[in-house]
Each structure stands twice: as structure tokens, then as C-alpha cells.
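Below is one structure. I have some questions about it.
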Amino acid sequence: MLPFNSLISSSQLSPDIIAKIFSLTDDMAAMIDKQGRSDLLDDKIVALLFFEPSSRTMLSFQSAAQRLKAGTVFAQSASSTSFEKGESIEDLIRVVEGYSDIIVMRHAQPGSAAIAAAACEIPFINAGDGGNEHPTQAIIDAYTIYKHKGRLDNLHVVLGYDSLQSRSIHSLSQLLAQYANNRLTFIGPAKLFPSDQLLAKLETAGVKCDVKEQAVFTDEVDVIYLNRLQEERFEDRQLFEENRLKYRLQRADVENSDILVLDPLPRIDEICTSVDSLPNAAYFKQTSYGVPVRMALLAGLLHKKP
Amino acid sequence: MLPFNSLISSSQLSPDIIAKIFSLTDDMAAMIDKQGRSDLLDDKIVALLFFEPSSRTMLSFQSAAQRLKAGTVFAQSASSTSFEKGESIEDLIRVVEGYSDIIVMRHAQPGSAAIAAAACEIPFINAGDGGNEHPTQAIIDAYTIYKHKGRLDNLHVVLGYDSLQSRSIHSLSQLLAQYANNRLTFIGPAKLFPSDQLLAKLETAGVKCDVKEQAVFTDEVDVIYLNRLQEERFEDRQLFEENRLKYRLQRADVENSDILVLDPLPRIDEICTSVDSLPNAAYFKQTSYGVPVRMALLAGLLHKKP
Amino acid sequence: MLPFNSLISSSQLSPDIIAKIFSLTDDMAAMIDKQGRSDLLDDKIVALLFFEPSSRTMLSFQSAAQRLKAGTVFAQSASSTSFEKGESIEDLIRVVEGYSDIIVMRHAQPGSAAIAAAACEIPFINAGDGGNEHPTQAIIDAYTIYKHKGRLDNLHVVLGYDSLQSRSIHSLSQLLAQYANNRLTFIGPAKLFPSDQLLAKLETAGVKCDVKEQAVFTDEVDVIYLNRLQEERFEDRQLFEENRLKYRLQRADVENSDILVLDPLPRIDEICTSVDSLPNAAYFKQTSYGVPVRMALLAGLLHKKP
């Protein structure tokens, strides 16, 4: 049902494919509400290979496989496995495809997903390859906007606070660039603005882009998408502390508004916990959509219709 | 079927609730004997979060979930997860409840279970929060006494050898204090006698308490509950070695008696292996009751009748 | 259906038993092809205890259990478990048998499998006990030869490059010694030739044995079974590098021949990747047979007929 055998990069996600995945995701969410689990992948084995720490993505893929009653085989953190004793990624994949019907892999090495998918004769999903790609997260983010705003076009989206190095901000902004009339404002410390390369790419695609050190949340804004500042990006701890306190979404910023507040999580300081109880704070809902989205991808790549 | 949504502390366990859990546990044990596994939780996902090493409790909860054909999602040893990079327990729980229908958590931090349960909108079970509480162990211990002695009142129970710091001795003694006419004798090195606070609490509840450095096992004793001495409690290795050899249950101590011998395990030196083959040695039976007890708790909190 | 309760050593594997296991394995492979998974062990719990790193064997046993819809309980790498805090293997096994219906264990300590099996009242499978035994690997290797050559007798098998210390070469050669008219040539550095003891044992059983520093692959050879050289076996890095480059199977060595090429994997340098695409390169097929072979063993020891 999906026109590819492997999901490696968010660049594979055209509006048509996104629409197909969203429709499948809706079916999966309805199934969970109605009956908890289904037999859809009852005859399949999902391999979950997590060669880099990741609780959220890992638990969410486990849940997706279990909600569809697939069997799972699971290996975590390569540091203790023979997969690190000089064995190639290609060999690893050819071994694991003998044990399963679809492979989900997270790996620290950028580009590892493409190498794996090329060697893989069964469907393959990239669950994050280092700082490179994390396409299932991009779909979850887009799905959350779609469910709460009803559209992926004609949106003003504010993204921060580290737009330079966030894999999820890169993917989401490029995904939104495929839809008409979107406007993106990147906020945060100037040193963490997106690269000129990304900005040029987005402008070429027709997106109006701004960068701002001071965040302003007016009624024109539809969505705020925030991630945490990382201490290791700053020269000294004091500079980090200053920025950490400066770049924090307060309840007053988004109270009594329709601005949808998102965060790929984990949340550290970027959003005050007092925001959590607002009806427009959707980050926990967002993480929960990870399950039906990943169910849709597993089922879609295995050509199983709900 | 249980009057609470979360099991956090053994102080929640009144005789009424204990009776309800035991009845469910009997049903579960009968089901295992008859058919191995049942479909009771076939439509549910159990999250097993083990953020502190624990093989016994972890395997036993896995088995309980699997015997009821629940799906499981599983994260182990937080040291490698983003859950440790500054994310709060509340956020962690709100994330995981999006992936599951009930959460079982072990966490090194005392009090973490109460914090988690307060944030949790789905049922929650404390599988041990540091040195604080381990309520499912208390139920297993009580269930074992009940199955072998037929009652939880009118018992003389000897507990040792470290009554000062053992979470399971604290819980079991307080649980027994809710039943009539129980007598407790704490044995072991004087420095590891229970705190005056615990003794006062038990006496107030009507329990006759004694402390003894020399263990005496007469016909008046109904149950012996032992755990291991821990080297780190002693100033020097020699003192530890002396006590280790002194406080060891021998076969002759309990042979030809009806004294039920229990141990929360792992067993190190506190019980000679020559005791294992006695009909009144019940510690391996005790650990195996962990499965039907935890099945009862999972089903009870999810309101599923067998 | 198997005449033992525990599989500990490849010395238990007579031609009769091998034939029985192969027949069951064929049934399992046919089931996977036809329906993916079966209900055969739907009422059972398989305990998977991996107290030593092992991705391949671990994933393959997980897959075997899941293909038969058994529940699984799983503990990995004892370094973080109470099983290492002085608890005996016997106690560990008596605990885990309360949680499961069959135990699969890998353990670093040679001889641990026999100790465990003696304490175990439910079926037990040795998934590798240090450098001692790994009987399920021996069955997989033999099954691969049988499927591709149609027999286990009248074979000329070349084994290398470390015949001295390879558990799998020891097991396979002794297994082949039970069949008529087999001839074995051990190749590799002289210092890694098999022990005189093994050679004497094989000759006594009627096997013609040779050792050679130079590999020759003529038409008389039916099977080549290679494993990697390990750097730690060599005095210095330079000597290792020389041997590493010298002992590498090249495409030209086995192209246009019927010589079956096997490797227990992981493959490091011992076989050039250019060999992979040859029709007689069977090492990835070999690892995939691990699933039906282990399904056959789980079902056979649990007396479940497909």
C-alpha cells in the first residue's frame, strides 16, 4: 500500500504518501479505541534493533507491534553484541532478515539506514540514524498538526529553540515546505538559527521564513514546535544557563489562544510545566500518536489492510 | 475489582483487600495448571519499566503478563535512556501511558512510585521504589504463609537476619500486624534488630515482639522468614564472616517440624542448601507464587474477571 | 518426542536423534513458509536467559519462540542482576522454572549448562556455555549440509581457519564422525590446527583427517566451513595481519564449483564479500535455519507435535 519497501528519509514523504499514511493511522487509532489490539500482523515477526539508546521510539515501536499482535525479536545497544566486533551492517541485516518479516533499526551512524535498506530484502524502517534522519518522528509531528488544525497548508509555524542541529525541526520544516502558503519563524539564540542552506531550500520551495531572537506569539501563529537547548552547544555553562532561562515557553505566552504547542520530547526546560494543563498543549498527545503512526507504517510496508 | 487504581504501598493492603487478591490469585494459579495461558488480557498492553536491576521481579512480571497474553512494552536500566537526561518522572509516565494500558515500574528513587502514580491516568503498580516499598513482594510472602498454614492470624513468625534494613521484613511484619494474635521474633546480630520505631508500631497494633541474638526454633514457631546479611553493613570483613557463619539455618534446625521456611531470595548463606529438600522449605514455591499474584494484580487493576 | 529432557552437549546427538530433529525442522520451515506463525506453543512460556552477549543466538531463539506463539520471559547480561550477587546457578534455575515451561540459557561459565540441567525440572536447552558446548549451532550446521548436499556421510569437509579453539568446528567434526566415510581437512596457521586429542578421537571413529597450512579447494571437496581468526590468539598484531590476509576465501576459490561454503558468523575477513552472491555461498541461509531448528527443539522437548 506504500510505494516503497523501505522508509529511510523524510524526503520520501510526498503529500500523497502522507495522506495515505494518515488515513491508515486514523484506522489504527480507531482500532485501538475500539478493541485495544488487532490480529492484523498476527502472522508476522517485527525485528526491533536499537543500537543506540532510545526509550521513547523503542517503546512506541514495541507498542505498535504489540497492538497488531506481531511477534517481536529485539536487540538493544550494540555495545555488548557481536554486531560491533567488526561485522558489517550489510551482514547484520542479512542475518536478521532470516529471523523476521520486517526490520526497524536505530543506529548511531549517519547513513546506516540507507546501507541497511540496500542490503535488506524485506521491508525496513529507519528509526533514527544518528543526526541524519528520523522519518517516523516527522510523520508523527505532521499528523499531530493535521489532527488539531485540520490541515498542513496555510500555517504559520514557530520553531525553536535549536533549529541548527535538531533533526526533527529539519524534517518537519521540509515536510511543511511541500504544502502551499506555509510560513515558518525560527526562534532561539542567533547561533542556533537554521543553516543558510536550509533557509534557502525552504524559500526556494515557496515558504516564507523568518529568524528571531525574541519569541513573539501573536494570534497569527498556528503552531509552536519547541525542543530543548543542549548544554554541550554552548561555550560555557553560564551562557547556557542564561539562554535556558530566556528560552522557556510560559503559560501566559499561549493561554487563551488557539496556538498548538508541540515538543518531540523529552521536555527539559523549554516549556514550563504550567503549560501542560492548557487545552492547546498537545505534546503528550503527540507522543501517543507515535503508536498508530508506527502501526500504519508496519502494516503499510507489509501490505496488510486493516 | 480492587478499590484503588494504583498499588504503591503495602499500607494499602487491608485484610479485606488481601482476601480479594488471594481469591483472584487462586483463580490464576488454577488457570495456569489447567491451560498454561489465558486470553484475559489479550486486548491490553502492559508497560514494564525497570529502571533498577531486578531479574526476579522483572521475569515474574513478564511471566504474569504473558500467562494472560497481554502485549508488553519493556524498558530496562535507565542508565542508557533519555529518561535520565533531566526528564521528570511525571513526564516519563505521561509518555508511557500513551503506549500502554497499565504501567509496572521499578525505580531506584524512594518515593518515585507515589510521584508516578499521581501523574498516571492508567493503573499503576510499584515494583519497588528503592529502599521504600515493594508491595507485591509483601503480598507474595503473605500468600505463601496463607497457602501453607491456612491463615494469617495466630502465628508465631521468626524473622531475620537483617530486620533493620530489609524492605520485605518491614512490609511483612506490618501486614501481619493487621491480623489477630500474631507474635514476631526478630533474630540476628543486635545491630540489625528492627528500629524502635517499627517495634513500637507493631506493639501498638497488638503484636507481641521479641528480639534475640540467638535463634531458637521450637515447636511454637510457625514460620521462619530469612534474608541474607549484606557485607556492606559491617565495619570489617572479619566481623561479617563471623556473622555469616553464625547466622545460617541448618537442616537440623527445622527437620521433622512443621515450621515453614521462607526467603525472598536470592539466597546466599542464610539457609544451607541441605534444607532445600525438606517438605517445609517453601522458598522456591514462594518465588513461583509471584506469577499468579502479579497476574491477579494486573487483572484486578484492569477490572478483568477470570 | 526427543529421548532427553535437556539438550546440553552435541554428544547427545546420535544419527537417529539428528534424523528426528531434521524431520521436525522440515515441518517447521514448511509452516513458516505457509503461514508465518503457528499456535503450537501458544500455551507455553519460554525463558530466554542470556548471561553472556549473543545477538545472533538470542534473536534466533526469540524468533523461534515467537513463530510458535509462545510467551517469552527474557533476561540479558547478568552483570546487572542479582543472579551474579553470589546466587548459585541451581537456585537461579529453580527460580526461573517457576516462571516458565522451558529454559534456554547462555552462560559464560563452561559446564554451567550441565549444572543447570541437573537442577532443572522442566526442559532445558544449552545456548552456549562459554568455550564448552553450543549444541544447537552444531545441529544448524549439520542441517545446512544435509539440505544442500542431501547427506551427512561420504563427504569431504574442509574446516578452518582456527580449528584449535572453535567450539563449532569441534562439535561439527565430532558430529560428522558418527556418519560413514567422511573425510576432514583442517586448514589454517599450524598453531591453530586441532589438538592431537581431537584428531585421535576422529581417526578412531573412522574419519580420515588431514591438516594443511595451504588451502586447496579441488572438486573433491564438498563443504568448506570457515570461521574468523581472532587477534587475541596471536603474539603480535603484525603476525595477525599477515594471517588475516593469507587466510581469506576468494571468489575464484569456489566459483563454478559445487563446494558449499558455510560460516557460523559473524564473518569478519575469512570470506570475501564477493563470494556472497555465488549460489554455493550458504552462510546466510545457514543462520536462517537457526529459527526452524530451534523451533523443532523447543517443540520436541515440550512434546508438541506440529
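Here the chain labels run A, B and C in written order, and each chain numbers its own residues starting at 1.
In this section, a contact is a pair of C-beta atoms (placed from the backbone, for glycine too) under 8 Å apart; a residue touches a chain by one contact, two chains touch by 3 or more.
Nothing here was measured: the structure is a model prediction, and the numbers come from that model.
Contacts with chain A and chain B are shared by C. Although chain A and chain C share one sequence, what matters here is the overlap of their interface residues, and that overlap falls short of half of the numbers used.
Computed centre separation for the pair chain A/chain C is 40 angstrom, with centres defined by C-alpha atoms. Taken residue by residue, chain C touches two or more other chains at no position, since every residue touches fewer. Of all residues in chain C, those touching chain B in their complex are 42-45, 47, 71-75, 78, 80-83, 85-88, 90-91, 94-101. Looking at the complex, you find that chain A touches chain B at residues 35-37, 53-56, 58-60, 62-63, 66-67, 69, 77, 265-268, 273, 284-285, 287-288, 290-291.
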